[in-house]
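One chain, subunit A, links the two complexes that follow: it is found with subunit B in the first and with subunit C in the second.
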Partner chain A sequence: MPQQKPTISSSQLLILLLLARVMHTMIFRFDSFSSGVPVMAALLISTAVEAVICLPAVVYYSSGGKNLIGELGPLSRVAGFLYSFYFTVIAGGTAALFAEFLQREFYTSVTPVAAIILLAAASAYCAYMGIEGLARAGAVVFWSFIGLFAVMCIVNEGGFNWLNLRPLTSLDIKSIFSYSIESLSSSWWIPMLVILGEHLKSGAFKAAYGYLFAKLIIIETLVLLITIVLWRYIGVLGYPIYALGAYAKSDFIQRFDAINMLVWAINCALVLSLYVFISQKPAQNRKIGVIIFSALFASVAVYEFKRGLRYNEPWFLWFKLSGIFLLGILIPIAAIILKKRKERPARI
Partner chain B sequence: MKKAALIISVIILSLLLTSCRHSTEVQRRVVVHALGIDPHEKGYEVSYQIFSGKAPDGNPVDADESTVVTLLAQGRTLYETEESLRLQTGKEVFLGDAELIVISEKLIDTDLTDFLQYFRESDIYLGVNVVYCTGSAAETIGSKLNQGSATAILLRGVVEEAIRKSRALSARIIEISNALEHDGETIAAPVLTLEKNELGEDLTLTDTTLGVFGSQLISPEGPKSKIDENAVMGLSILNAKAKDMSLEVKIPEGIASVEISDMKIKRKIRIRDGIPEISVSVSARYSAESSPVGANEEEIRLAAQEQTLSLCEAAYACRLDGDVFQLGKQLWKYEPDYMMSIGGDVGDVIKKTTVSAEVRFRKY
Partner chain C sequence: MQKKNHTPLPVSLEGSIGAVRKAFGDSSDLNVLRAEISGIRCAVLTLEGMVSTADLSKMLFGPMMQYEKRSARPSDVFRFLSSEAILSTESEVLNTSEEAAEKLCSGFAVVFVHGCPHGVAFSAQGYKTRAVEEPDTEPNIKGTREALNDNIRTSMSILRRRIKSPKLRFELTRAGTLSDTELCIAYIEGKTPRSLVEKTRKKLSEIPSELILTSGTVIAALTECKGSFFSGVSTTERPDVLCSKINEGRIAVLIDGVPFAAIFPSLFIENFQAVDDYAERSYFATYQRVIRLATFFISSFLPGLYVAAAVYHPEVLSRSLLLNLIASEEKTPYPLIAEMLIVIVMFEILREAGIRLPRAIGGAVSIVGGLVIGDAAVTSGLISAPLLIIIGITATSAFVIPGLNPQITILRILNVILGGTVGFFGIAIVSLIILVNACATDSYAVPYTAPITPFTLRAMKDAIFKSRSNASGEVVEDLQA
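Let's look at the complex of A and B:
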């Protein structure tokens, strides 16, 4: 009897994509002030662009497509390895930034390289468990994050200074443009959708646009809170979600650092597992695949961490953008064209 | 075999992930509740108010003995004083529970942003208020008051009550940093005053009281004037931060105590003849807590309104010490074109800015 391909629902995929985006925001360090209305406007612009550029992948899966990479025929193996390479680098960058965060905030008690190795081991195991397990775990982590985020917003001690919400001026055009590009470079959820779409029962449209809507709400809320509560101090604190926790205080929980960290660590392991799961796809044997790609991303992470290379630096921006363009737009368009050709009735 | 490997990994991971290797037991920590910073020939002398599980004689504390101890440490920098405290006590210093930071007025000329750097890098909560004190910070932190030892909670309570009653504006670490280091605004840091009344030697009562009776204006360039509580109340109004106030109102019949609550303050800004004009309208409820015989309600209400206007007038004079009204932010929000035309610097404009206020109270 042929084994059925494991499947997940559109809301499960939406949650997995959101967790990956939240992870990216969690470890994104604001070294200088980049918040306020220009960032909020840039998020709107980039979301609108994402809504357009995700169309090829969404259209493919919505029109009954089941294996986007497989449509490429002889080139599918090469394409598969391109995705593996891309997500191995993304996973390495994520782990390196997480290690950097640990080093900055817990420098007396954490060895970053040990953390990377532990994360790689956990990711290998979780990725081996498969997409269904990841999706179920993702729901738990996601609702934990939402609960924590809501509590931190409610018990935040800072006063709201609405004067920080300045209207846009001609001086902001340049920064809106650069923030939009930066935000767009974080939209590797589209290549993720290309790979994970084959596990979808149905509802690619719902997953993609539900994701965009939820992401917009979560990130805009975060930027709004940073702007009216923390303002330019975010440049000092660095990590926005962590900073929000640092200013939250209640009678029953004095400090949110520990509870915040717990959710971060679990989310990091889960998101890295997702990247490993995507990367190992071309491998014939999943067990060997997850071990190889976990080891690979851990090596990338240690190298980047030791060399001080970070994927939120300008040189990496173009790598991320090119990946999104090639793997998230061009390949899905090619797949749609090839699929249409196959479906065309034969003529004499 | 699989089970054994799993059990071994769980044990190893649980040890590694809890960071047991570097953990510090609570009895090996000095938990600081308040810091007082004084000048010293070496540099600084910091008074650390800590909770002590033992009485000064070394025995465990009884319920009637104070558990608050103030330790002094000196150093060229605040980092050195912390290190000195660590060596003195043989324990790790934990500043994450600090409730208040008190700086002696003698250090008024020291750049406040120098201290901010230290506060940021230590575990101090960014919502902690930073206040100045008249005289010595060590004396303020370690004083015995009528209401008991000046514990960190009591000190914080005094400052928070002053803020609640609009007699002080909050000066949290985050607010100071944003105002002085980024927005170029002038802050009004509360000044704690320890008042010792002269009593006869035969009296055993310690007649010492602590309160906030004024504030110190500090601009990014350095310290400016010291203002009284009337000017601070006016600043609270002009900055739309006042919620409640207690006023002693003069009327022909005598003095009436008036409580103002539910203050709703609206600020508008516009440019007239190239000069910003801020208009503030205040509406609130009032209640006369005590009034002299023969005084009528309307008379008290009008006098309270008049007095509130005079508070705003007192605050208006503070503009000579820098941007005390968040003028820069108001202009960026409502008059961005004007702000761009002056290059984003309100340094000279603030002195010419006019303020008009309208106050309307209704009976509680």
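Let's look at the complex of A and C:
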């Protein structure tokens, strides 16, 4: 059912971007954790930087731009494939990390390769349904996640230890810097905004800065909770948000781990669908496009998983950062310049 | 009906009768009554059982007998019949044998006069139809006891009695290349977007089917999203439901010979609303709607979640429940997923038998199924008691929302298969696919999942939470994307 004129609201785009960010945080695995305060400080810094670097894309769409990639003229097809490549790798990394999470925590239920294949099939179908379906479903998934998180907090048996909030010292500057870079490398929401902006009815500014504000609140809250409830246990437990679920207990439901995973899996498939939707954009036929790019990201995921490569490792950090620089900053700036040039003769 | 190769009526009476006989292929139900008026030969053609003989004698034969004119010409007799004599509310001059055949099929009587290449058709329908009965499939406590009727005219009058306003519009049209079935588009002028009415007209005129015998053919033609799991077009046999829906700016299509009307655009959330909600206090109506919504999730997901939790995620279940479950499952010979599928298939067979069998025997099926098979299966150790309880709850929940039964049945089986194979992960995949499919479904520019997503505050007042006021707004215009 591909739609003729798919449009989404700024709040729907905001939620989709948040879900992608939350997914990245969910599958982030800590092997060691000294203190949450530097992470919280780094988040603040990276958010401030993101607020500046997203300006070209926001300015383009706020000034009446409709198709940022299309502004590049003959280079638009090349640019389209660059975005496809970038998001195929990101999707592959996300799927590989989720498969690793399933293998570590739910090894009895599904093998990693089977999980990747199922995720690829589901995301191909969902991406084919179009951006409106994804955006509407995103709202349901987002509020389900919030609901589950609230329930887990209410029935959580973990105690708060405010002493875990160790004050910052000069020794933390190095870790703040590295965490900031790491957080900044997770800002592929800017290239996402560049592609999805053409489906926005209006309100690119609202979507971008609303996202930054909401992300800051949600991630800072998560880090705060992780710090005051789990602290050094994170290094042992691995996935901090998942570990928070392990502390949630009730008489009716013994443990929330599997229920937590259920919502994660839904979110993972939805976010992967979004990446596939972005990747297939240069394809002429959406049906073929989603099949090709789902197969591609599944292959990347299986390769990464088998070879033990993870996109949260240092070598990958530079790939993500350079992608954000090129696709999120340089291309939007070029599009604005070309748009201005096109408009100039018309004014005269 | 497509009109091709029209044959003009001949001047001679026998020629005209012969042309109509040829059109019907000498069908036995074509009656020809010959008569003479002032020495001019005439014939009255009817189809067996389609006209009322009492009306025919009052409207046609009475005036015909009174016509006395010396040296009358065929044209005088024809003029008398077409403009003076017949007392029917609907009459029409015919020029071709195809027009005559079409009118005869609609219950008209056709009169031919020797020497005139025309005929007169007049309405004298008198076929037997079912009386207005209680709505069988949508019973209620405090609403009307009248249901729509097989006869489209009766259904139209039932609606008109409830909305006594000239703003209620009926537009008759025809579809089905062989059945030539009458369809009626019903809407309220000023509340329904004009574009929606025009689109409906166009879609109905393009129905390719030869026969329209059920609402399914019309629904298929009206459905916009062909790959959708849910349908953006719903049906009802309740006139009160129909009136409230068209008052919200929707369109209803009545079908001659079918006691159900198709309504669109239709929303997912409407499956959980009932007429009785409007007779109850707001808080109680809201509570009932939440219960109905819960039954959708119970009937679709509970068996799958049960299998997945018991096989792959036992940590979810409380310790005492888990111990009970282990004790019961130890006695059964099959894996839990196979056991669940066997019971689901068994339940579906019993349900199907209950529907297809005559009502008198239908009760016996439930006794055989519920008591004999169910009890024997547990006692013999073939099926565990907790699993039977799960199926019992699931089946009862499904009965609460009959409108979604096909979707629930398929979802339930998919969840059991994937939940039993890859645990909660499989259920997550099924859930997302169905969710995205439902969210991508648009019915005439109205999202099927509205007003929940995309969220529309004004329409939410009568979605899950029933507001105190029962006044209906123009919901369709509010929700159109």
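Everything that follows uses one rule, which is that the second predicted complex is superposed on the first by the 337 of 348 C-alpha atoms of A that agree within 3 Å, B and C clash if a C-alpha of one lies under 4 Å from a C-alpha of the other, contacts with A are read in each partner's own complex, and residues count from 1 in each chain.
We adopt the following convention: a residue touches a chain if its C-beta (ideal position, glycine included) is under 8 Å from a C-beta of that chain, and two chains touch if they have at least 3 such contacts.
What you are looking at is a predicted structure, and each value in this text was computed from that prediction instead of being measured.
Peer 1: In the overlay, answer first, second, both or neither for which of subunit B and subunit C A:V52 touches.
Peer 2: It touches nothing on subunit B or subunit C.
Peer 1: Have a look at where A:S9 lands relative to subunit B and subunit C in the superposition and call it first, second, both or neither.
Peer 2: Once the two structures are laid over each other on A, A:S9 reaches subunit C alone.
Peer 1: Contact-wise, after the overlay, does A:I154 reach subunit B, subunit C, both or neither (first, second, both, neither)?
Peer 2: neither
Peer 1: Applying the touch criterion given at the start, work out whether A:A114 contacts subunit B, subunit C, both or neither, answering first, second, both or neither.
Peer 2: Both partners, subunit B and subunit C.
Peer 1: After superposition on the shared chain, which partner residues are touched by A:N164: those of subunit B (first), subunit C (second), both, or neither?
Peer 2: It touches subunit B, and subunit C stays clear.
Peer 1: Quick check for you: in the superposed arrangement, does A:Y247 touch first (subunit B), second (subunit C), both or neither?
Peer 2: The answer is first: A:Y247 touches subunit B but not subunit C.
Peer 1: Pick one for A:M261: touches subunit B only (first), subunit C only (second), both, or neither.
Peer 2: second
Peer 1: On the superposed three-chain arrangement, identify whether subunit B or subunit C touches more subunit A residues.
Peer 2: For subunit A, the partner with the higher number of touched residues is C.
Peer 1: Does subunit B (first) or subunit C (second) touch A:V236, or do both, or does neither?
Peer 2: First partner only.
Peer 1: Using the superposition described at the top, list the residues of subunit A that contact subunit B and also contact subunit C.
Peer 2: 106, 108-110, 114, 118, 254-255
Peer 1: Which residues, counting only subunit C, touch subunit A once they are in their complex?
Peer 2: Residue positions touching the partner: 225-228, 308-309, 312-313, 315-319, 322, 422-429, 431-433, 435-437, 439-442, 447, 449, 452-455, 481.
Peer 1: Any idea which subunit B residues touch subunit A in the complex?
Peer 2: These residues of subunit B touch subunit A: 13, 16-17, 19, 21-23, 96-97, 120, 125-127, 170, 174, 177-178, 181-183, 326, 329-330, 332-333, 336-337, 340.
Peer 1: Hey, which residues of subunit A end up touching subunit B in the complex?
Peer 2: Touching subunit B: residues 33, 106, 108-110, 114, 118, 157-159, 161, 163-167, 169-171, 230-233, 236-237, 246-247, 249, 254-255 of subunit A.
Peer 1: Enumerate the contact residues on subunit A facing subunit C in the complex.
Peer 2: 1, 3, 7, 9, 12, 102, 106, 108-110, 114-115, 118-119, 122, 125-126, 129-130, 132-137, 139-141, 251-259, 261-263, 265-266, 269-270, 273
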